[in-house]
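The same chain A turns up in both complexes below, where it pairs with chain B and then with chain C.
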Partner chain A sequence: MKAPAFSYVRAESVEHALELLSRHGNAAKILSGGQSLLPALNLRLAAPAVLIDIGRLDELRGIKLRDDVVTIGALTRHADLLTSEEISASLPLLRKAAAHVAHPAIRNRGTIGGNLAHADPASEFPACMLALDARMVIRGEGGERRVNARDFFRGIYETALEPHELLAAIEVPRPQPGSRTYFHEFVRRSGDYAMTGLAALAHVDGAQLGDLRLSYFAISDRPHLARATSHLVGVEITAERIAEAQAELDAELDPPDDQQASAAMRRHFARLLLFRCVADVLGRPELAMEAVR
Partner chain B sequence: MISSNQPKCLTALDRPNSYIGQSVPRPNLARLLQGRGQYVSDLVLPRMIHVAFVRSLHAHARISAINTEAARAMPGVVAVVTGRELADVVTPWVGVLSHLKGLKSAPQHAMAIDRVCWQGEAVVAVLASSRALAEDAAEAVEVSYEELPAVTDMRSALDPATPAIHPDLGDNLAFERNHDAGAVDAAFAEADEVVEVEFVFGRHTGVTLEPRSVVADWNAGERRLIIYQGTQAPHMVQNIAAKHLGLAEQQVRVVCKDVGGSFGIKVHIYADEMATYGLAKLLRRPVKFVADRVESFNTDIHARDHICKGRIAVNRNGSIKAFEIDDLTGIGSYSMYPRTSAIEANQVVNLVGGQYTTPNYRARARVVFQNKNVTCQYRAVGHPIACSVTEGLVDLAARRIGMDPVQIRRLNLIGDDAYPCASPTGLRFEALSHHASLQKLLQMMDYDALRAEQARLRGQGIHRGIGLASFIEVTNPGAAFYGVGGARISSQDGVTVRLDAAGSVTCYTSITEQGQGSEAITAQIVASGLGVSIDRVRVVLGDTDATPYGGGTWASRAAGIGGEAALQSAKMLRGNILQVAAAILQARPEDLDISDNAVVDPSSGERKIELSELARIVFFRPDTLPPGLQPEMVATRHFVPREYGFAFTNGIQASWLEVDTATGFVSLLNHWVVEDCGTVINPQLVDEQIRGGVVQGLGAALFEHCIYDERGQLTNANMADYLVPMAAEMPDIAVGHVVTPTKESELGAKGAGEAGTAGAAAAVANAVNDALSPFGVSITEIPLTPRVILSALGRI
Partner chain C sequence: MTTTRIALTVNGESVSADVPARLNLADFVRDQLGLTGTHVGCEHGVCGACTLRVDGEIVRSCLTLVVQADGCAVETIEGLSDSGEIADLQAAFRERNALQCGYCTPGMLMTAQDLLRKCANPERTEIREHLSGNYCRCTGYHAIVDAVERTAKARQRRS
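For the complex of A and B:
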C-alpha cells in the first residue's frame, strides 16, 4: 500500500494550475485535501503521473454572501463549513450535512471542491448541492463556465468537469426565508458513507408544502432529486398522500445492491426518509409514528 | 493517579507499601505517548531491504508459470524469489497436535509452490530497497494460474461430491470430536420443553493497530538469525524458526520490543513471516516485512465462522435438563501452525453449558477445510461461541416456559458453595462465583428499574431489550493446551530479578507486552514483593537472549503465571538481601524486612540501611563482609500451575439496547460486566482489559465480518468495508469484580484478558431478541446487521 511514483507540482496561481492541467491532460490530477485521492493512490487504484497541488491558492478559499448567493471557494474545508457563521445562518443544510461527513481529522483537510469533483454517489455534499440548486463555477484556460448541480453529477465519480478544468467555487442561492431543511442518513457507524441518505429543502406554506426538494444520496449512481414530491406540494398532507408519494418514489428508484445494503433496503430507507422528512418539516411527529406501524 | 479507594484484594501480599490492587500508571506510558515506542516498522538496519509478496488472486488454482524477468529489471530490486526457490531454505510444516486425535492437515510451505489454496497466499517474494519499489516490481511479476474449483461453503465441504482440497487427506474433514456425558436422550425425552435452533457466527478477525511486522537479520559471521518481531510468544518463534531453517535453537534470537496490539493474531507462525526469515538467510542481509492493511485482512488469522445447532431441554419449573450441540466450522485451507485450527471447535465442545448444573451434555464438532484464509486462535477462542449458544438457548428456554431470564439462571447456575467440581466435559473448577456475580450485576444495572422502563417505553413504540450472558473463561493454562500435544510451547514462565549496584532493580520476564500492561503489573509485583518503590524497577521483556524461557502472553496467562514467577523471584531476592543485611547489621534476617527501598525493622519501621548502601557494600566493598558470605543479588523463579489444568474464571455481562424496528439499527445504551479474575493486581488495567474485550465482542455482535463470495474472494479487505467497532457506537461499559483468588499461587491472580470478549456478543444477541419479543421473532445470527434485523422483521 505505497503509492506508485508520481511528480508533484505546487500551483502558484489558478492560471498556473490550469496551464499545468492542459499541459499534462489526463496524466495529471488536482490535489486538494487529498482525503480521497491519496487513499486511491496508496491502494494503487489511481496512478497519475503528476499531482498538481492547489492547496495554497487562497483565491479558491472562503465563503462570501452577496445578493442572496453564497459563494463557497473550492478549497473551503469540511471543517470550515461546520464552523462558519454564514453557512449556519444561510445554508443550515450544509452545516447539518458536514457533521456527517467522515471524521474530524478528515474534515480538517477535505475540501468541498474535492468532494464535489470526486462525486462519490454516497457522499452527502453533492446531494445537498442538488437540493439547494447550486451552480458549479468551473474554470478552464478558455475562461469560466457555470453548471447546475443537476447537470454536474454524471455518474459514479463522474462529473461535467473536463480533464483540463478546475472546480473553482460553488454558488448557492440562499433559500427564501421560512424554508426548512432536513438531513438524515443511515450509516452503520458515524462518519461512514451512507447506506441511504436524504438532504431536503422545503418551503412550508401554513400547513402545506409550498415546495419540497428531496435529494437522495447512496441510492443511485449520482444524487437523485425525487419527482414523487409532486404528490405532496400544495395539498393537505395525510398518511394517504405520503403513501402515494412513497409508491411513486419507489417506482422512480433503481437502487444498487451492495455489501451494506440491498436494493430492497435502500428502497425501504428511502420511503422511510420521505415520511420522516415530511413529518419533521411540518412539525407533525404523528405522521412518522404511523409510518412505523 | 493512584486511586486509593480501590479495595485491597491481596492478603498474603498486604505488605506496607504494596502496589498490588492499585491503579499504578504503566511505566511505559510516557515513552509511548512521546512517540518513543520501538515498533518493528521503526527499525532500520544497515543493508536492510524490504519484501513485498505477490499474492494469489484466486482461492484455488494451479500455478502454471511464473515470469519474474521484468520484475528483476525494475529499479531498486535486489531479488525476486519463488516458492520453489525458498523451499530449499525453509522446510514445510503440518499444523497438527497429537492430543487432538485425528486432526489432520497438509504440508504447508512458506510460499506456494505449484498450487495456491486461498486468495492472498504468497506466491513470489520481491525484495527491493524500499517497500514502494518492491510493490512496483511486484506488479511486474507475471503468474499464470489455472483456476481449480474452490471449496467455500462449509455446509457442503463434506459432501462426497465436493473435491478434497488436499487430495492426500481424502476429504475436507480436518477434525471431529464427539462427547457424550450423562443421559442426554432420556433428558430430552422426559423434559417438558425442548428448544432447538441454529446459531450462525460470522467470520471475523482481530484488527491490530500495528500490523504483523518482522525484520529478520542473518548474521553469516556469527551464523545467527536475529528476528525482530511483534509476537506474543518469542520462545515459540525461536523454536519454530530454528526447526524449519535447519538451525540450532541458540542460533536464533527473537527480539520483541513494542507491539501494537495482538489479540491472538500474533501468537501464530505465518507463512509469510517464515518466508521473511528464510529470505534473510538466503540473501544474507536484513529483510523487513510489514503487512499492509489489505494483506492483514487477507492473511492475519480469521476466527469464528461457525454454524452451531443447539438444543436445550427444560422443565416448566425452570430446571435445565440437558444441552446438545452440533458445531461446524470452516478453518480455511490449512490448520494453522503450531497451535492448530481445531482448538476453537474443541473449546466450544468443552465450554457449552459449563456454567450450569446439568450433567447431561452431548456435543459434536466438525472442523472442515475451505479455500479461504485460515482461522485460528483469536481473543477468547471458542468462548464467544460457547457462550452465545449456551446463553442463547437458556434465554429461549426461559421464554418458552415464560420465566424471567434472571430466574432461570438463578435456578441453574452452579452454586457458589459447590466447589471444587467438574463440568460434563471434565473441566475442573477450583472456585467460581456465578451467583455472587449475578447478584452484583443486577444491583449495578438496577435490573428491576430497567424492566419497568422497558415496559413503559414499549407502550410508546420504543423497543429496548435486556440481555444477560454468564460465562466461564479458561485462563492460566498449563501444559494441557499445547505441551501435551507435542508442541514446544512453554506453559511455564520465568522471572529473574536483580539488585543493581546503585540499589535499583532490573527484572527480566518471559511474558511479553502487547500494550495491555504486562510491564506494569510485573513492576508492581516485583516492587511489592521486594519492598522497593516502583520507579526503581526496570522490566526487560521480549528477548530470548536475555529473559528466562517461557510461554509469553496469550490465553489470559501472563499475570497469573508470569506474575507468580515475578512474586516468587522478588521474594527470593528479598531473602538474599536480608541475609546480607543481617550480616552487615549483625541482626537475624527474620527480624528484618525491606520497605520503601531500605532494610527496616518491621515492628518499628526504623530504616536500618538503605538498599543503595547495601548494594554499595556488596558490589564495591565485599571485603568488609564476613568471610564465607557470598551475596547473591540475582534470583530467578519459574512457575506453572500444576494442580488444575486451567484456572477457570467466571463472570456475567448485561446489555441494554434499543432496536429501531423501522430501520433495523441497534443502539447500544449500556453494558455491564461483573467478572472474577481472582486477585486484581491493577484495577484500571483489568477494567480496561475487560472494556477492550467487550468492544471486540460488540464488534462481532454488530459489525465485524469477513465477507467471502462464492468463489472464495474476500470482498471487504479494507477499513472502509470491514467495520471495526468505533467509539461513537460504543456504550458506557461498567465493570465490577467479585474476587475469588486461586489457591494455586500465592498471588491468587487468574486471567482477565478474554472475559470481555467471551460474553459481549451473547449479551447483545439476547438483548436484541428481548427487544424484539413483541414481534415474535428471534435471531441467532451475528453480526446483527440492519439487513438481518429488517429481514427477520419481514420489512424487506
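For the complex of A and C:
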C-alpha cells in the first residue's frame, strides 16, 4: 500500500527538532532511517500529520571512546556498527548483533536510535543494551536526562521517551578487560526478526563465572535479563548447576504464543541458549553435550 | 497537497521536481521518470525487488522518501545496465538460468553487485547472506548463487 499524506520538515538542528516536537505534540513523528516508520506508514498502521526528519543532523552521528564509556550517536547506522573498528574492539557484542539485524540494504539506512526508540521486543539491540547496562541520553526542550536500559524499555513498542523528547545518544560502559560476549538467535531466514535470541556479557574468573548477564529477546514484551544466573555465578559449573539454572529460567519466563513461534518452542530455545552460552564463554564444549543428554 | 522542491541526480542526470512528502523513491523513479526496471513487490522492505543505489549504497527505495534523497546521487538498474558496469553479471544470470519471471532480478543484480564491489572472492555462504533480503519465487536461489560466484571468479581472473 501507499503511505497516507503527511507533511514533512527537515530539522536544521536538535533544538529545531525539539521545538517542532513541542509544537506538534502527538501529531508528529521523528524520522531517522525510516526502516521501521515507513513500513508502518505504507501498511497504514500509523498516520502522523507531520514527519520531522532528523536524518541529516551530523551532531547526532558517530562513535566516541572516552575513558570507560563508548558514546554512540543516535543516527549511527547499523552498517556503521558493523564496520566500526572502535565497536569491534570495545563492544564486540554490538558488532555480532548488527550482523543479524535485517539485511544489508536496510542496515545502510536504519539507525541505532530509531531501533531503540522503536523498541520491538524481537529486536537485537535493545537486548544488547540491557546486557551491557547502557544508558540512554534523552533530550527535551527542558534539557537532557539519562535513563538506564532496564528502565527505558517499557513494553511492546513502548519506551520511557515522552512525545516531545528525542533519543540523542547511548552511553555504553566498556566491559572490563577479559569479559566475554555471546550472541545467538533462532530465525527462520537470516536477517528476520528472531523467534528467540540471547545477547550475553560474562566475566570469567578462572574456571568460574564472576558475572553473567543473559539478556533474552523475542521472549517477552521487552528484553529480559535472566535472574536464573544466580545459580551459575561464583560456583563450579557442572551439568547439574546448568540444569538448575534452566529450571529456574523456565519458571521466570512467560513467553508469548504467536505465529512466529509457540511459547513451548521459545522456552526450549531459551534453555538451549543458556547452556550454549555458558559452555561457550567458559570454553567448555563438553558442558553443552552433557546438557543435551 | 503541499509539495517540496527537490533536486537530485538519477543515473548521472540532474533531475528536479516538486514532490509530495509521502512519495517514495520507487514510485518516483517508476512513475515520474519512467524507469520501470526498479520493481515494487511488498512495499514494506521485505522482498528487495525495489533495491537501488543512493550515494553508492544499496537501499530499499520503497522505504526511502524522495524528499530524503534530495541532493543525492541515485542509480537504478537502468544506470548500471547502460554503463556496462554489470554486463558480465547479467550475462552470467542469463547463462545460468538465474532468472525465470525476472521480477526479482533488478534487485538481485543490484544487491549482488554491491557484494562484489566489497568482496572480490565471496564464499557461497557470504553470497547467500548478502542476498538474504531478496526474495525469488521462481529459481530456488541456487542458480543465482552460481551466477554470482562465477562472475566473482571471472572478474578475479581478469584483474
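What we mean here is this: the second predicted complex is superposed on the first by the 293 of 293 C-alpha atoms of A that agree within 3 Å, B and C clash if a C-alpha of one lies under 4 Å from a C-alpha of the other, contacts with A are read in each partner's own complex, and residues count from 1 in each chain.
Definition applied: a residue touches a chain if its C-beta (ideal position, glycine included) is under 8 Å from a C-beta of that chain, and two chains touch if they have at least 3 such contacts.
Model, not experiment: these values are computed from the prediction.
Colleague: Of the two partner chains, chain B (first) and chain C (second), which one does A:S262 touch, if any: first, second, both, or neither?
Modeller: First partner only.
Colleague: Determine, under the contact definition given at the top, whether A:K64 touches first (chain B), second (chain C), both, or neither.
Modeller: The answer is neither, since A:K64 touches no partner chain.
Colleague: Would you sort A:R23 into first (chain B), second (chain C), both or neither based on which partner it touches?
Modeller: neither
Colleague: After lining up the shared chain so the two structures overlap, which partner does A:R154 touch, if you call chain B first and chain C second: first, second, both or neither?
Modeller: After superposing on A, A:R154 lies clear of both chain B and chain C.
Colleague: What is the contact status of A:L41 with respect to chain B (first) and chain C (second): first, second, both, or neither?
Modeller: A:L41 sits against chain C, while chain B stays out of touch.
Colleague: Check the residue A:N108 against both partner chains and state whether it touches chain B (first), chain C (second), both, or neither.
Modeller: second
Colleague: Would you sort A:L272 into first (chain B), second (chain C), both or neither based on which partner it touches?
Modeller: A:L272: touches chain B, not chain C.
Colleague: Going by the contact rule set out at the top, does A:R227 touch chain B (first), chain C (second), both, or neither?
Modeller: In the superposed model, A:R227 contacts neither chain B nor chain C.
Colleague: Of the two partner chains, chain B (first) and chain C (second), which one does A:Y8 touch, if any: first, second, both, or neither?
Modeller: second
Colleague: In the superposed view, which residues of chain A touch chain B and also chain C?
Modeller: 1-5, 43, 189-191
Colleague: Tell me, which parts of chain B touch chain A in their complex?
Modeller: 130-132, 135-136, 139, 292-294, 461, 661-663, 665, 703, 707, 715-716, 718, 720-721, 723, 725-726, 728-729, 785-787, 790, 795-796
Colleague: Which of the residues in chain A end up touching chain C in this complex?
Modeller: 1-8, 10, 31, 34-35, 38-39, 41-43, 51, 53, 55, 79, 102-106, 108-109, 189-191
Colleague: Could you please specify the touching residues of chain C with respect to chain A in the complex?
Modeller: Per the stated touch rule, the residues are 1-2, 4, 20-22, 24, 27, 43-45, 48, 51, 57-60, 62-65, 67-68, 111, 114-115, 128-130, 132-134.
Colleague: Inside the complex, what are the residues of chain A that reach chain B?
Modeller: Going through chain A, the ones touching chain B are 1-5, 43-44, 186, 188-193, 195, 259, 261-262, 264-265, 268-269, 272, 289, 291-293.
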